[in-house]
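So the structure is just underneath, and the comments pick up after that.
Just so it is clear, A, B and C label the chains in written order, and each chain counts residues from 1 on its own.
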Amino acid sequence: MYAGYDMQAVDAKSVRELRFEIEEFHTEYCNMLDRGALDQWVDFFAEDSLYRITARENADAGLRVGLVYAEGRGMIRDRAFAIMHTQMFAPRYMQHFTSNVQVISVEGPDLGLGDGSLIKAQSNYLLLQTLVDGPTTIHQSGRYYDTFVREKGRLLIRERQCIYDTVLIANDLVYPV
Amino acid sequence: MYAGYDMQAVDAKSVRELRFEIEEFHTEYCNMLDRGALDQWVDFFAEDSLYRITARENADAGLRVGLVYAEGRGMIRDRAFAIMHTQMFAPRYMQHFTSNVQVISVEGPDLGLGDGSLIKAQSNYLLLQTLVDGPTTIHQSGRYYDTFVREKGRLLIRERQCIYDTVLIANDLVYPV
Amino acid sequence: MYAGYDMQAVDAKSVRELRFEIEEFHTEYCNMLDRGALDQWVDFFAEDSLYRITARENADAGLRVGLVYAEGRGMIRDRAFAIMHTQMFAPRYMQHFTSNVQVISVEGPDLGLGDGSLIKAQSNYLLLQTLVDGPTTIHQSGRYYDTFVREKGRLLIRERQCIYDTVLIANDLVYPV
């Protein structure tokens, strides 16, 4: 039930500050992807992390099958390397839009501001694609189900589940979201 | 004329705080709709409320004709019930994106923070639709013209006018925005 | 490299406040354009300003060739006048969505709050178009590369470079972004 900002663990003001911080995280993360700076992708993840892209119908059915799955920074680095060194079928630009960030829960010291804190959040993302000489189209729309961990003051992804609505994805390029 | 944040009734800092609160309202509201939790839709409305979806060309012409019209929580509850118990033509996912929230005016006690305050705001919304095995497409883009009332500390919709640009809406499903 | 909010010139809290202010600038600016109030467009620019729309492939190649170029408030006013008095090929609605605002650097007095301060920022924009009786489509997606100057307390555009991904733009109407 809708109850406004009424969380038990932390007060509303702290939750809002975390929301802002997560928005800024998304902005830096998406800008990195949109610039194609995939060598920096791993910098957004904690050592012990999980990254998965799953169709919403599978997620709703409780299936853990994913379009993409990476566990740990090593696998994430490998995946970035693979994408960077794969000849794409056709050159294209990608652009990410994030919105509607929602802090779900906060665990740990100092209302989420202390190192080791775990912050769960959900956000909408929209990934646009532009092929050379083509129109800009919706490549994928979905929702991030994130768990962030704070290390040395800043947020890192502990777990990112990207649940996408768009079933009909051009599978030739599974670009990160 | 553009004049930065220079409102007479309230100071800029309070207006910004209200903007944040409305963003969070939209996020919870849209998430509820996107999850299909229509039984909770009515919880976002005040008892004495108005909900209307109108084409921009009708709104511009001053016509109060609407695609959807509901007055009071009873009618809103009825409408939610009808949608939930109607066999859809085809299963689909909906996803709402909101942005560009603008506080227009504030009336009432304590710069909009007191109960009974009325806050007018406008925001852009984008509603995406994904049919099973189809691409994600733009179902409707438009602008919320909202009046919120504060009750027991939280915002509720007193009036929501959804003015949509997209004339060519698949009328078989008039899903809430 | 991603380093969280760790800028040298200003502290994180000030940067965030500037981010909010720029979001509000975009909201007012885009709403003005979406209402078709082009006579007010020039009010968002400093006297000594630059406005340019450039394809990303040209920008990436360092080419300063632009789809649209205007230098100074006079040229911007002329351009607005021209668009307002041109018979459009077909009537249409435009809607701008902005997101992922990122403050890049701040120069000047009082952490960007003093008059004469220069604030560089980048933001994503999505421009939707709806032709009468047609669907809503993506007209242009891109990124603002802005320099704002503060004058009499409020932000004005000193330089706006709109770098668009969408190469296939309907050139019959080069509407502002």
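Throughout what follows, contacts are C-beta pairs under 8 Å (C-beta built on N, C-alpha and C of every residue); 3 or more make two chains touch, one makes a residue touch a chain.
The structure displayed is predicted, hence computed values, not measured ones.
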item: Same or different contact residues where subunit C meets its copy subunit A, judged by the half mark; value: different
item: Subunit A on subunit B, rotation in degrees - Cα superposition, rounded to nearest 5; value: 120
item: Subunit A and subunit C: spacing of chain centres that average the CA atoms, whole Å; value: 26
item: Contacts with 2+ other chains: residues of subunit B; value: 97, 99, 137-138
item: Touching residues (chain side subunit C, partner subunit B) in the complex; value: 20-21, 24-32, 34, 40, 43-44, 93, 95-99, 128, 130, 132-138, 153-155
item: Residue ranges of subunit B touching subunit C (in the complex, touch as defined); value: 1-6, 16, 19, 56-57, 97, 99-102, 122, 124, 126, 137-138, 140-143, 165-168
